[in-house]
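Next up, some structures in C-alpha cells.
Note that chain A is present in both complexes that follow, paired respectively with chain B and with chain C.
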Partner chain A sequence: MKEARRYKSGLIPSLNPLGFNVERWSYTLHRATGVILIGYLAAHIFETFQLGAGSAAWANTMAALHSLGPFEMVGLWVVAGSALYHGANGIRLILNEMFGKLMGKPILPVYPYSPTSLGRNQRVAVWTITGTVLALWVWAGFYLLAGLGIV
Partner chain B sequence: MKESWSMVVTYFSDVVLVFVLTFHLLLQSPLTGKALDETLSFANATGNLVYYKIVFGLLLLTAVVHGLNGVRVIALEWLHPKTMGWLLNLTVVALMAFFLSLGTYTLIVVG
Partner chain C sequence: MDKLTLKVTRTDGGHVSYGLRYRKGMTVLDALTEIREKLDSTLGYRHSCRMGICGSCGMTIDGIPRLACQTQISSLNKDTISVEPLHNMTVVKDLVVDISAFFRLHASMKPYLIRKDIEERDHSEREYRVLPEEVSKFLQFDYCIMCSLCYAACPTAALDPMYTGPQAITQAYRYIADPRDEGWKQRIDLLDSSHGVWRCHAAGACSFVCPKDVDPAKAIQMARMEVLKRQLLRRGGRAGAQLVPPPSPGAAKQGAKPPPFDMGQGSVKNQ
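Then we have the complex of A and B:
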C-alpha cells in the first residue's frame, strides 16, 4: 500500500530520488541542474547585452554583480557544477537513448524484475561521471572561491 | 515537429554545446594566464566576442534551443499536451526568438 501510494503520488514527489537507484538520482540531478542552467542562461544573455551599451554600462553591471558579495562567486560555482554534471550526464543519456550503448540486451520480464538497463556498464558510467564532475567542481571551487577566503 | 525530432535536436545541440561551452569556459579560465577579474573586463569580454563571434553565435543558438526545449519537455510532464501543448510550444518559440534576438543584437553591435 505504501509503495502504491509512492508511485501514484504525483509529479513533485516523483522527483524525490530517496530510496531509488543511481539512475533515478542522475535523472533528478539532470532536471535540477538543467533548471539552474536555463535560469543562468537567461541572466547571462541580459548581462552580455550590456556590452553593446558601452564600457560604462558594463562597469555598472559588474558593480551590481559584485554588490551580491560572496553570493556572486558561490552562484557561479553552483552554475559551474551544474554545467559540468548536466553536460557529462547528457553525453551518457545520448549513448543510452540514441545509440543504445551502456545498456544490457533486452530480456523477457520475469519476476523478480531486474532491468538490464541498470547493469554494470550503466553503474560504472554514472559513478565515473560523478567522480570526474566532483573533481572538476572542486578545482573550479579553488579558482572561483579563492578570493572569498573560503578555500 | 514530431517529438522524436525535437529529441534529435536536443541530442545534437548537446554535443555541440559540450565543445563550444568548454571553449567558452577555457577563455575565462586561469589557463589563459589572466586573473578572473581581468577576464571579465570590458576589453577582454568584447575582444572575445569580436574574435570568436561565430563560436559565440553557435553557443547562443545551441544553448537557447537546447535549454528552452528542455524546459518544454519538463513542462509537458506537468501540462496536458492536448489542451496546453500548443500554448506551451508557442511560448517556448516566442522565448527562443526573444533570447536569440537579444544575443544576436549583442554579437552584431559588439562585433
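Then we have the complex of A and C:
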C-alpha cells in the first residue's frame, strides 16, 4: 500500500528556519555551506586533474577560470566564507553532539520555560561564531580585492 | 486589536480566511471553536483538555508548531494568523493529522521499565531504591505529553521518515537513565542506527517548540553520549537497581533525611 504524503515534508521545509531559534538558522547555514564546499571540492579536483592532461589543458582551464573576471574572486570569497562558517560551527556541533557541552544538565522545568540546551552558553557560542566568521569573511574580502588591485 | 482573521489551511491544500472579533484572553483554540460554532461547522481540528496537558491541539500557527490552547492571540501580535496542520505528518482532515506513525516510533523505544526478572518486577512485595539525585537525571524527560510538536519542528524528521524522532529518543533516554531499568539491549539497535541518535544534527527546534520544557535536544545528546560510552566500553547490560524493603512507617519520625530538592518548588533549577 502506498504511504500517504506527509504535509510540508522534504528538503525545502527542512531548510526553512523562519520563526525558529538561532540554532535552527545555524543548521540551515551549516547545510548550505556544506553543499558549497562539496561543489568547490568537486570543481577543485576537476581543475587539478587537468594537470595530468598536459600543459595545454591546464592553460585552457586557467584561462576559462580567469575569463570569469571578478566573479572568480567572488566565488572564492563565498568559498572562504563557507569554509570559515562550516569549520567554526562544526566545532560547536562536535562539542554539542560528541561531548554534550553547552547543553546544560537535566533540570526540573519551571514556568516560564527556557530550555537549557538553547540557553545562554549555546547562544553565546552561536553569536561568537557568527561574529568571528563575519569579521574574518570581510577581511578575506579585502584580501581578495587587494589581489585584484581594487583596494 | 478588534478584528482578527484566521487563515486556515483545509484538507485540499487551499486556504480559507475567517473573520472574527477579538476578545481579551482569546487563544487560537478559542478562535477555532468560534469558527466551528458560528461560521463553518465543517472545519476539522482536534482538541481535548484546553489547558496544555493532553497535547491534542498541536498545529502549525504562524509557521511554528504550537499547542492551540496555549497560544494567546495577543502574543502573536498580528491581525492575520495562519493556521496549518503539523508538518511531517499526513493530514486526515483540515488541521487533524494522523499521529499513528508518531506513536509507533514512541512504542518502538519500549517506553517502560524493563527488568530481566519479570516475576520480580510484577509480583514483588518490595520496591526498587531510586535516590532523589538519580530521579533528577530523568525527571525532566518524564514530563512529555506526546503532543508531537518536536517531531513536526524537526528538520531531520522532514528529510527522513524513518528517523526515530526527538520524542521517541527522549523517552528512550528517560528509561536508559533510570537506575531501575535493564532494557538497554532491547533499545540499542534502534538507538545506535542510521535512523537513531546519530541522525540528529542539533538544530534545537524540538526544544524550542516543546510546550513542557522537556528539552528533547538535550536528551538526544545525552542518549548519544550514553550510546558512545556503553558501546565503546561494552557496558551495555548493566544491572538495574536492586529491590529493597519498604521503609518502616516510623522511619520519617526517626530523623530520615528529606529529599535534596522539593519537586513542587522547582528548586533544582534554582540551585
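Following the convention adopted for this analysis, the second predicted complex is superposed on the first by the 126 of 151 C-alpha atoms of A that agree within 3 Å, B and C clash if a C-alpha of one lies under 4 Å from a C-alpha of the other, contacts with A are read in each partner's own complex, and residues count from 1 in each chain.
What we mean here is this: a contact is a pair of C-beta atoms (placed from the backbone, for glycine too) under 8 Å apart; a residue touches a chain by one contact, two chains touch by 3 or more.
Just so we're clear, the structure is a prediction, and the values are computed from it rather than from any experiment.
Engineer: First (chain B), second (chain C), both or neither: which does A:N21 touch?
Structural biologist: The second partner, chain C, only.
Engineer: Which holds for A:G104: it touches chain B only (first), chain C only (second), both, or neither?
Structural biologist: Once the two structures are laid over each other on A, A:G104 reaches chain C alone.
Engineer: Taking the superposition as given, does A:I91 touch the first partner, chain B, the second, chain C, both, or neither?
Structural biologist: A:I91 contacts chain B only, not chain C.
Engineer: Of chain B and chain C, which one touches more residues of chain A?
Structural biologist: Answer, by number of touched residues of chain A: C.
Engineer: Considering only touches as defined above, state whether A:G75 meets chain B (first), chain C (second), both or neither.
Structural biologist: neither
Engineer: Would you check which partner chain A:I38 touches, where first means chain B only, second means chain C only, and both and neither mean what they say?
Structural biologist: Only chain B; A:I38 stays clear of chain C.
Engineer: Which of the two partners, first being chain B and second being chain C, lies in contact with A:S114: first, second, both, or neither?
Structural biologist: second
Engineer: If we overlay the two complexes on their shared chain A, which of chain B and chain C does A:Q122 touch? Say first, second, both or neither.
Structural biologist: second
Engineer: Contacts for A:G141 in the overlay, against chain B (first) and chain C (second): which applies, first, second, both or neither?
Structural biologist: After superposition on chain A, A:G141 lies in contact with neither partner.
Engineer: Do chain B and chain C touch any of the same residues on chain A, and if so, which?
Structural biologist: In chain A, residues 11, 97-98 are touched by chain B and also by chain C.
Engineer: Sort out for me which residues of chain B touch chain A in the complex.
Structural biologist: 7-8, 11, 14-15, 17-18, 21, 25, 29-30, 36, 40, 42, 45-46, 49, 60, 63-64, 67-68, 70-71, 74, 77-78, 99, 102-103, 105-106, 109-110
Engineer: What residues of chain C sit close enough to touch chain A in their complex?
Structural biologist: 60, 62-64, 84-91, 97-98, 136-141, 143, 153, 155-159, 161, 200-205, 207-208, 210-215, 217-218, 221-222, 224-225, 228, 261, 263, 266-270
Engineer: Under the definition above, what is the set of chain A residues touching chain B in their complex?
Structural biologist: Those in contact with chain B are residues 11, 31, 34-35, 37-38, 41-42, 45-46, 48-49, 51-52, 55, 58-59, 62, 80, 83, 87, 90-91, 94, 97-98, 143-144, 147.
Engineer: Quick one: which bits of chain A touch chain C in the complex? Just the residue numbers, please.
Structural biologist: Listed in rising order, the residues of chain A that touch chain C are 3-11, 13-15, 18-21, 23-24, 26-28, 30, 93, 96-100, 103-104, 106-110, 113-118, 122.
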